[in-house]
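Naming follows writing order (A, B and C), and every chain is counted from residue 1.
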Amino acid sequence: MLFNKRTERIFIWVFFPLALLLPLFLEQNTFYVSKLTSIMIFALFVMSLDYLVGRCGLITLGHAMFYGLGGYLFWMLAPEYTEVNFWVYTFYVCMIAAAIALVIGFLVLRTSGIYMIMITLAFAQMAFYFFSDSIEFGGNDGLFIYMKPETSIFGLSLFDLDNPIHFYYLCLLSLFNTLVFFKLLIRSRFGRVVDAIHQNPGRTTALGYNIFMFRLMSYVIASALGAYAGYLFTLQYGFVNPSMLAWTTSGSALVMSILGGMGSIYGAILGTFVYEGLHYGLEHMTEHWMLFMGILIIAMVMVFKNGIAGYLEKLLEKRS
Amino acid sequence: MTTELMLETEGLCKYWGGLKALDDISLQFHDKQLHGIVGPNGAGKSTLLNLLCGHYKPTSGRILHKGEPIEAIKPHAFARRGIGRSFQKTNIYPGATCLENCCVAVQRRMGGNFNFLRSRYTQKVLDEIATEALEKVGLGARRDEIASHISYGEQRQLEIAMVLATAPQVLLLDEPMAGMGHEESLLIIELLKKLKREYCIVLVEHDMDAVFELSDQLTVMVDGQHLITGTVDEVRDDPRVKEAYLGQGDEVF
Amino acid sequence: MTTSLFFVQLINGLQYGLLLFLIASGLTLVFGVMGILNLAHGSMFMVGAYLAWYFFEHTGSFGISALISAAIALLIGIAIERGLIRHLYRRNHLDQVLLTIGMIFVFNALQSLLWGNDPLGVPVPQALSGAVPLNDVLEYPVYRIFVALLCIAIAFVMYYMINKTRLGMLIRAGESNREMVECLGIDIRRLYTIVFAIGVMLAAVAGVASAPMSSIMPGMGEHVLITCFVVVVIGGMGSIKGAFVAALLVGLVDTFSSVLVPQISSMMIYILMAFILLIKPQGLFSS
């Protein structure tokens, strides 16, 4: 069974049908549809971080670098006005991001613990300043992309990306696929080794595994998917800017992942929606929503030791 | 009878800055024999094992596996060559079942480790080999228990099962009976008697009865130096050994 | 670059570096002794600056305001350690990251609530205003020299305290072996409270000192935090000596690069850090 926890299955059966049907009720109000789309895109990003930190034990504060790269790479590759194919460019963006991750991972994964956190941060900051200080890349204001790709496969066009409802469904599909992908990855033989490395790296090396290679592979996969999320974000509004690469973006994603329950993957979706939901709700109630958010986060750390998913699982999972 | 020379050290030294942990150790380990290593605390026994499995790199000297020098290769490459190690401090995967613990050990040989999509449960033969290893050490019944839930003695058995699951040629066992009660120790002793007929075993232990019963060859180390190597009787009769132990206040003989 | 320009940038770089040391020393002290990575350290810098402004507005004296601010920062440090940080000692790094990020949110919100989002300023105190002539053309502000000397003085005090006093001995012992210190019958909890409070106070004092030099505004905490991390990592986490060397290095690199290679000057300290970590992964002076 792919989703072997009851809590996980409940979440999927509640979340995805709801998400599937929601636009039908929100037809008139594309604002909410777009808002939900944005949250889904970031949830995809958070899932990739959750895998990296929660399942592989590779704590990085530089993941947002790939989020931003997803957008900037698309701007660099795509022609200004000619329509291109969405799927083809997804492939290009992810492949190039993976190549960059291969190089950076090779340098970064030789460190561990607090030093890995810092060196990943260093690279992300370098990328951030590179884009925000350069005029060719629009500087602090960022860049606009005036073209929306078309999504035909073998001549059959499925989504019209100019239509917010279509874009919503594309992102929902991506979210679901990514979740399934990560679950397959975790369950696979590769995943077995990754779990072993996370639980006990010394033992795993003693068994003959080259743990560096496995970590590198995980880093590349997670980074490529993070870039995919950034690419979707850029396509939504046709806009890319350096704040996508900011360390605060990485920080937010980390917060959402921990909130949801680190390592559970589906928890990342939960955490992102809860955080964004609270943000949205509190922001409308008070100008000083950050105060409540901060207090809430502190309370979460003190009380919910394993995030929301952890708490739910404690309630819902059968005792073995 | 002298079987094949599996592992050999030549002038092996390990210094930690000014501290001499091992000094000029030259030993030979043969196949299908159990070679015991004993000595008072601080003799350098664990350091030797750490060097033999690649965890530490020697300051000088050579380690030869079937004639090939291996002192410079990476730690995981030692295991790939068939040099398996069990740890003094139990080093298993506490959150996984005993079966899963052994499956990780087996999987490396089976390949397909970078296969992202193939489920880890589909290869039946992997499970079979893992179960076989568990049964060999007597843990067959605890197959589906979470490793952190089984008793300490059983965890030590699991340690050995994991090493066996890698189909090693050389077994480096670091105090496998540490902290075990008398009966549990007897089980391990019987197990090792069986295993030494198949593998080259290097055994570091404090349990003297066990070491005397099992060792085909026995090495005594003191303060990082190699004192003597010989059969159990040769070593027992040597006056220097008695002095080394009695000098430490250990009533051994 | 002319020699006088070089000289000015040198002093600028050193002065900036010394200020960075003041902030970074608190961070590295807390991490070295307690193993806590306090992401809200930058917020304390901000709190120091805002408190300095507030009490200056109410007392008219920068000196009095500075003393009160430092005292309040000490109390805040004690309160935070007793109330929150204490619970993190047995938890992992991620929980620390999350909790201290939560604290950043709270501090930022309080700052906005109490003092608003407009930039504020504190004038340079009368006694320290004016400039010292360097040569016939250039002069250097007295206040900046004062701050630099203050940082050096605090560095000496720290050196003396850590190497010559009993508290310092406990700090050094606690860094290498927590359990041992506990076994010696010393109340490690009190030690931790003191260390954390000192760490926080150092950041706040730096904030107070820098208040007359730059505008006080939202986000100043986060900006300084990142630079602080770079310093601590380059120096070696937990090493105050390392923080000193690294702070001066970062201060000089940052100052000179903004004059020599302005296009990439923002990146320079990160390039420096990445370079050093790739050669010495534990930092320059790791224990």
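Operating definition for what follows: a contact is a pair of C-beta atoms (placed from the backbone, for glycine too) under 8 Å apart; a residue touches a chain by one contact, two chains touch by 3 or more.
What you see is a predicted model; the values in this text were computed from it and never measured.
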From subunit C, which chain is the farthest off, judged by mean CA positions? B
Higher number of C-beta pairs in contact (A-B or A-C) found for A-C
What is the identifier of the chain with the smallest separation between its Cα mean and the overall Cα mean? A
Distance between the CA centroids of subunit B and subunit C (whole Å) is 50
Report the inter-chain centroid distance for subunit A and subunit B in whole angstrom, where each centroid is the mean of the CA atoms. 44
Just curious, how far off is subunit C from subunit A if you go by their C-alpha centres, in Å? 33
Residues of subunit A touching subunit B in their complex? 184-185, 187-193, 195-196, 199-200, 202-211, 214, 217, 221
For subunit B, which residues are in contact with subunit A within the complex? 53, 55, 74-80, 85, 87, 91-96, 100, 103-105, 107-108, 112-121, 123, 162, 166
Which residues, counting only subunit C, touch subunit A once they are in their complex? 37, 84, 87, 91, 93-95, 97-99, 101-110, 112-113, 222, 226, 229-230, 233, 237, 263-264, 266-267, 270-271, 273-274, 277-278, 281-283
Going by the contact rule at the top, pick out the subunit A residues touching subunit C in the complex. 53, 59, 107, 110-111, 113-115, 117-119, 121-123, 125-126, 129-130, 132-134, 247-248, 251, 254-255, 258-259, 262, 287-291, 293-298, 300-302, 305
